[in-house]
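Two complexes, one shared chain (chain A), two partners (chain B, chain C).
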Partner chain A sequence: MKPLLQVEDLTIAFVDENKQKVVVENINFSVGPGEILSIVGESGCGKSVTALSILGLLKPNARIIKGKILYQGNNLLDMSEKELDRIRGNEVAMIFQDVMNSLNPVLTIGKQLTESIGIHLGYDKKEANEYAIEIIKKVGLSDPRSIMRKYPHMLSGGMQQRVMIAMALSCNPKLIIADEPTTALDVTIQLQIMKLLVDLQKEFQMSIILITHDIGVVAELADRVTIMYAGQFMEEASVYQLFDKPYHPYTNALLKSIPSIYDDKNRKLASIPGTVPEDYSAIKGCKFADRCPYKVPLCEEIQVLSEMESDHFVRCHRAEKGELVYE
Partner chain B sequence: MSNKENRRPLMKVEGLKKYYPTKGSDLGSYKEVVHAVDGVDFEIYEGETLGIVGESGCGKSTIGRQLVALEKPTEGKIIYQGADISSMSIRQLRKIRTQLQMVFQDSTSSLNPRKQIYDILAAPMLYHGIVKREDLDNEINKLLNMVGLPKTMKYRYPHEFSGGQRQRLGIAKALSLKPRLVVCDEPVSALDVSVQAQILNLLKQLQEELKLTYVFIAHGLGAVRYVSNRIAIMYLGKFVEIADTNDIFINPIHPYTRALFDASPLADPQLRGRKRIVLKGEIPSAVNPPRGCRFHTRCPHAIESCSILEPKLLPIKPGSSHKAACPVVLDKGVENA
Partner chain C sequence: MNQNTDASDNKNSNIKMIIKRFRKHKLAVVSLYFLVIISILAILAPLIAPYDPDEVSMAFSRPPSKEHWLGTDQIGRDMFSRLLYATRVSLFVGFAATIISSIIGVILGLIAGYFGGIVDIIIMRITDTIMSFPYILLVLVAAAIFEPGLWNIIIILGLVDWPGAARLVRGNVLSLRETNFIKGDVVAGMPNRYILFSEILPNTIGPVLVYATSVFAISILDEAALSFLGMGVQPPTASLGNILNGAESITILTGKFWLWIPAGVLIILLVVSINFVGDALRDAIDPSAKE
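And then the complex of A and B:
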């Protein structure tokens, strides 16, 4: 199966005056048709920057140093703004965490939806209206006509998130990039939105890149998972492989540090000492080494991703040699 | 806190209500009232952690603020050491404030950005006469050490700390006044997972060392289960269920409790297909809460009487400390409701 999106050796840096700070380092991944790929990591690990780079939405101080982002074989990085506009929305759409900042507060929901439908699908006003109503129904909002007349602030957080999803869906994209789509929501609403995403993904045969820090959401939704730390992928595997047998010490610690509602209360929660380094671009060897309980001198050397089992990759020389056994 | 017979209440809350007037309409005259907390009774036992769980807007943080006397309740009593703190004057409150402290979710806004940590920690202790000036240095070193920060950090400003470190400072600040009750309002929600575990473990360890009583307010069920001895589930200003932690997780009674547990994502992809309740709709507004049982508009088990009679929080068996506010389930049992 040919991948829909393929990212090769992507390296992104923040540049100010004469300093350059690499925030995403040599990452490679691909998303197949109908696949949900999750990029997991803590704040500041570079996952959102990766997401934004795909649609050319990086802030001016971020530079793509090298790499390719191939969408159906064409490099998005070589495209002009005009060519990109044909991809954005039509082919690849994005859902953001912060809905309030992505909806225009002074336009009605109807206006915002029909505008993009008009531009992308070339519908006239009436057609766009009817189509918008259909889409609003699709995302599970009742009384679509009254929703169309409302302004964003008149809707609850869950409803706003549904409107965002409706906007993203409106032009039948093949790929949706969802950056923390449920993080701001309450759990019962989060469950509704997760179900909605999966249902729509199946119905429309879409691919999704799910950016999140929430391991629980990943376990519920993803097909494949990559664990990102300090700008690098530390581990990549199918969701079942990863939860069943994590290889990287960071992945292992991450999985063990979540208190579960079905947990024995007396188990002491594993915590990772320290915090994510702020400027990690200068670290040559393993970026996690300073917080890793399994650190040895060799960790100061450059670490590479290697395949442990079919399609299960890890960036840790000790895991690769089979030296690490977790409880 | 395993010995149930020895439970001594540190605080007793009776009929607590807190209403907030909204700002009113554009015309100014018409005012609405938000029923943030609407009749809640409970006790907090010495040395325990009482978890209060609910979704945003359910009133859990409002309860927290009343417990430490940051606000006065609209109705009801909060009995602490035999006196009702909700009817105390500011002068009377000053004497007990040190004993009732709070750790906030957003530690950044509770630390003055223009002051060094030393001064932030020193001012309240000096004001309340907790330490003498000559012992101050020592005391601050001790506090920082207690929350796992190097004492060399005391001359830094809040912005020089990471989120997890700032939360440690928030804890140090609360503990500096030697409190007996600490209300932790979403203390880990803003933190990364790997750091959340650090803070939860720190809170547990400090509780043991200092014999503290906690009220732990949060929406993350996993974290609440990890730290709490008892848990209260809240929905639209009311408790719908309260029980010992193990009891509530093994035998959840109220349909909302069960829906909330079901909605909590599990870190195990093998359990993806599990059967679970998906609630329809959203939490109704607290301005006009539904009549009868407040959950009946979303409840899969609601019957006609649910929209008329307001259910009381009752023991699920005579004498049980596990209480739930759902006559339907209590009558028919969880399986048949």
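And then the complex of A and C:
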């Protein structure tokens, strides 16, 4: 199957004055049609930067050092703003992390929805209106006509996120990039929204890049998972492979930290000590070494991503040699 | 909110909300009534004024009386009629100058804030330059270069008042540019003119409107100052400033209060009430404010 989006050797750095700080290092991934790829990692390890780079939304101080972002074979990084606009409107949509400032506070929901429908699909006002109502129904909001006339502050967070999804869907994109779409919502709503995304993904035959720090969510939704840490992919596999047999110590630690209702009540929730290092581009060897319980001197060497099984990659020399066995 | 509200209802409820919040400011409500009444009087001046404002009569420097409610000036013109016409001119100058400066300021601010880079630098340096000149001097020089007169004073005031609005709008745009809904528009491939005028502009209207009220008040004061100095509206056309100009001498100040007190008081009242209205507007217009 030809991939819809393919990212090759993408390296992004923050440049300030003369210093260069690499935040995303040599990442490769591809998303096929109708596939859900999940990028999982802690805060501050380059997930959002990766997502923003795809759509050309990086801040001016972020530079793409090398790499290609191919959308249906065309490199997005070589495109002019005009060419990019055609892709951005019709082919790729994005759902942002912070729902609260994702909608324009002074315009009604209806106005915000219909404007982009009008521009992209060439509908007149009435058609755009009808279409917007259809989409609002699709995202599970009742009484679409009254929603259309409301201002964002009159809706709850969950409703706003549904409206955001409706906006993303409105132009029939082939790919949706969802950057932690449920972070700002409470737990019960989180699952609803995620389920909604997946249902719509099936219905509309879209691909999704789901960026999240919640590995529990991933298990239910994604087809493929990449584990990102300090700007690198540590492990990449299908969901089944990853949950069945994690290779990287970091993946293992993440999986262990998922709380389960079968756990012993008195046991403390597993956690990974420490935080993502501040300036991780300076670390030469394994970026996770500092926090890794399986650290050996060889970890100071540069680590490469190697294929363990078909389509299951890991960046750890010990896992590669089969030295790590997790219970 | 119940289900069968329709579109016009919702719009109305929004406006009602603004009115409701505005009403909480008692002073502003009084000021607004005052401004409306003065404006109506000014607009209808030709119908209301008992005399032609430029008509010279034999009654020189008469104190207020039944025939001349506010007395007459040194060459026998009716002060009440002159005051009406003067208000008309002053309000018009202030209003027109405010419109001109707001339009220039908003457009330049939007462009500078949204596109950034070299465009931003150029626009903001021009803004800084204009702001760093002593204001009244700049106006005087401009008035000296162009012929003083009604339209020239409007254009001059309009051209020196915009930097504040430009800065205000630019600041707003800078923060709006970072919000997800603007990023979302970019992602959705919306054209720049849509993003600027349909998404960003409505978000800056509130602050701009509030700022415009203060520009309005300042323009009225500036017109008065310029006309007082003889650089503004030229006699015989009456404006609040050049009525005061006629009251420069000590004898008039001490002995003929009717020649300058009404115009002076009117300027103060206009400026104060415009500012009150501006203050209340700021509170009332904020779309996210609660009741």
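What we mean here is this: the second predicted complex is superposed on the first by the 322 of 327 C-alpha atoms of A that agree within 3 Å, B and C clash if a C-alpha of one lies under 4 Å from a C-alpha of the other, contacts with A are read in each partner's own complex, and residues count from 1 in each chain.
The rule is simple: a contact is a pair of C-beta atoms (placed from the backbone, for glycine too) under 8 Å apart; a residue touches a chain by one contact, two chains touch by 3 or more.
Owing to the predicted nature of the structure, the values given are computational and were not obtained by experimental measurement.
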Contacts of A:90 with chain B and chain C, given as first, second, both or neither: second
First, second, both or neither for A:119, with chain B first and chain C second: second
Which of chain B and chain C A:71 touches, first, second, both or neither: neither
Partner chain in contact with A:280 - chain B first, chain C second, else both or neither: neither
Partner chain in contact with A:190 - chain B first, chain C second, else both or neither: first
Which superposed partner A:313 touches (first chain B, second chain C, both, neither): neither
First (chain B), second (chain C), both or neither touched by A:158: first
Touched partner set for A:243, first chain B, second chain C, both or neither: first
Partner chain B, residues of chain A touching it in the complex: 42-43, 156, 158-159, 186-192, 194-195, 213-220, 222, 239-240, 243, 253-255, 257-263, 265, 268-273, 275-276
Residues on chain C engaged by chain A in the complex (per definition of touch): 1, 3, 5-7, 10, 14, 116, 179-181, 183-191, 194, 198-199, 202-203, 205, 287-288
Chain C contact footprint on chain A (complex, rising order): 55, 57, 60, 84-90, 92-94, 96-98, 101-108, 112, 115-116, 119-120, 143, 146, 149-151, 153-154, 164, 167, 171
Chain A-touching residues of chain B, taken from the complex the two chains share: 55-56, 162-165, 192-198, 200-201, 219-223, 225-226, 245-246, 249, 259-272, 276, 278-279, 282-283
